[in-house]
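Here it is, the structure in full.
Order of writing sets the labels: A, B, C and D. Residues in every chain begin at 1.
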């Protein structure tokens, strides 16, 4: 029987090892799997490479994981946002590495990784500092740079609903990086607001088919990052 | 070489499919080719839950519908009417082949014209000058799926070996097949060569070797 | 006001010119926009390059378009199927060109075309005759071939429902090439079973966002290719 | 060079957004950057229907919600609460940037640190040694969207020209900007150079030219 349900966020992240590459879903607060991230802080794996669009806010969620010095490298498009001080501080002190990737290139690299495409060409970043050191090539009358697919050992994803097969649906703009990260990670770990019976999600409306998901755990009332930040909360 | 009736020796088509089905583990995501491979779905042992992928855009393919209940727009890669199980998902062709190319499908079972002792597979074209070439998703499947099984009669209708030293037909993929189920035997493709894993009832090692162009290694004997 | 509705299939295909490249949705019968194809036969444009997974069945739909000698080149993965005689006949007589592409490479090339990716690398077809003449390259320990994105002047697509913005949903496995062809064509023409009010399709379940669609026409009771073939029908 | 108060001459921020909005045609698919650009949505002339794209996965972005009706998981690229209009569609990031890179979005309006007379745009980094580099979707937008407009104050807070011969800041894209809306003027980037298209009320050509590093061509004068 296929049953990807796991009893807790702690159990779901238990086998993440030091040095792992982890894709973390979310764009800002929307879609951020904050309970899974906090479980990873409790778990303590170090020297992680994290792929996320941002670097978190305040002192909770992704920012707290970074502040706890578990992350040695960030791959992201926008490492500073409102209330984001943790990453900038560590970066200025040379304590964390940054690979800056344009947002669309980041998304396409993740999709490529999940789709078995090792590399592709894109017009994004041509003639800018972010194309420096990259192979470029002309197709037609335009120059493109070559970018590599990205994969990860784990993905931490927040979904609205899941079934035991791992089929997922998301909530509004919380979908963002979720579907492509599920494809690109070796083990995809999902915190879902609700786990429903197999068959409850219409096959026409499934966004992430279960094949891309390995573990599902229920977090029925996830914390809101913005609320925690406003309250000045920190984790742990 | 041999007569046509020889093909009836050993396992029947159903038994070949049944034997292959034994090697589909619980929880596997599986893509089945047209012909004998697709029959394997009926024979998966009780207690195992297997999810079938059809590359035209469905994960969770169910058995064929009852006569009169066919839905024109619910078909499989062989363009036959199918059903969808509860928990199925539809997606477009690029996503479907992302599943394949991205190594998300666990097992694919395909037919073969020829398989070489190194696991090369030829199953899309005889290379004949007047043939209309048609490849479909075969090359994508062998390049992307984690484990490739082949089900095939051991010899051609004319009695010629289909398991060969080197494929004479154009390849579908190089070094891709890991296990071959024929009417006579189950054979593993290993770095040492073809290992005979199992014989059909009443079939001897020598009988199989005579009908196999490449040398077979007897299990436990190497 | 955005209103992509067109009064008839004839009006929808009126401006397709000789020499155009046309993506036609469908995998076999499922998703085949048969009324749009028949309108294109009536319209008469010649010397077309058609991109479809197959070459049609019997003497209706895509097979009839080919039989009418409007197609000079097919780009497809599987040009012969049950009841497919038109293409093989013309091909053997040297009257039509064929570019044979593995099905997944075809799908990915179309998606790439729609996504602004001029080329990508894939493991599919390596060490086979279909890789001959193509650039290959090693990434990690594996060889890949380079494949180019595909775009088209027009796409002819069948959908289940549309709204005036062009948002689409499909029916079951009729979805197949529709969403990616809508992305890759300069002008996407859709025959929809039903045109619904804007807002009637849940934003979470839209499969093709309207931005990828240019014209929509209603065909509420589309012909079934398999039925026409069984009856021995031909078009025109 | 000039005093800070000069920035208040000519059009206000709202008027700049309003002026830019006039150039958004009916039926356009539009992506608006953070700051003054996003204000343009309020000023699109009546009778035009425009669909707004936000790169974090929504086509059909509506106005901000009423206070207290914010939905945490419905935000725009600037991470502010938004609404979705009837007829909207959600999609994932790769699909969203496929819309951008695949040239499906008609117009993008962005802010600028510098724009060159050849349409080069710098709007993501000062290149300062201690700056935390952050690019977001800016490079994708300028590489992919059919038409790029810029809205910016004509000069920096210190009165330095932002419309320059050559950008000193790291580029976002080369030769990408087609029209610039400032507090002083509307300027087109053409193969012949920067063409002054329109002046804010009470502003003279010479006044604008003095505050522009690159030469301006007076419309009808070339």
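Methods note: a residue touches a chain if its C-beta (ideal position, glycine included) is under 8 Å from a C-beta of that chain, and two chains touch if they have at least 3 such contacts.
This structure is a prediction, so every number in the text was calculated from the model and none was measured.
In terms of C-beta pairs in contact, B-C outnumbers the other of B-C and A-B.
Spacing of chain A relative to chain B, judged by their CA centroids, is 37 angstrom.
Rounded to whole angstrom, the centroid-to-centroid distance between chain B and chain D, based on C-alpha atoms, equals 56 Å. Our note on geometry: chain B versus chain C, Cα centroid distance of 29 Å, whole angstroms. In chain B, the positions touching at least two other chains are 58, 84, 90-91, 94, 97-98, 100-101, 144.
Those residues of chain C in touch with two or more other chains are numbered 108, 111, 115-117, 122-123, 170, 172, 203-204, 207.
Annotation, chain-chain contacts: A-B, A-C, A-D, B-C, C-D (touch as defined at the top). Interface residues of chain B, counted against chain A in their complex, comprise 26-27, 29, 47, 49, 51, 53, 58-60, 84, 86-91, 94, 97-105, 144.
By the touch criterion given at the top, residues 1-2, 111, 113-117, 163, 165, 167, 183-184, 198-199, 201, 203-204, 206, 209-212 of chain C touch chain D in their complex. By the touch criterion given at the top, residues 54-58, 71-76, 79, 84, 90-94, 96-98, 100-101, 125, 127, 130, 132-140, 143-144, 170-174 of chain B touch chain C in their complex.
Across the complex, chain A is touched by residues 108, 112, 115-123, 139-140, 142, 144, 148, 169-170, 172, 202-205, 207 of chain C. Within the complex formed with chain B, the chain C residues making contact are 27-31, 53, 77-82, 87-88, 91-92, 98, 100-108, 110-111, 122-130, 170-180, 207, 224, 226.
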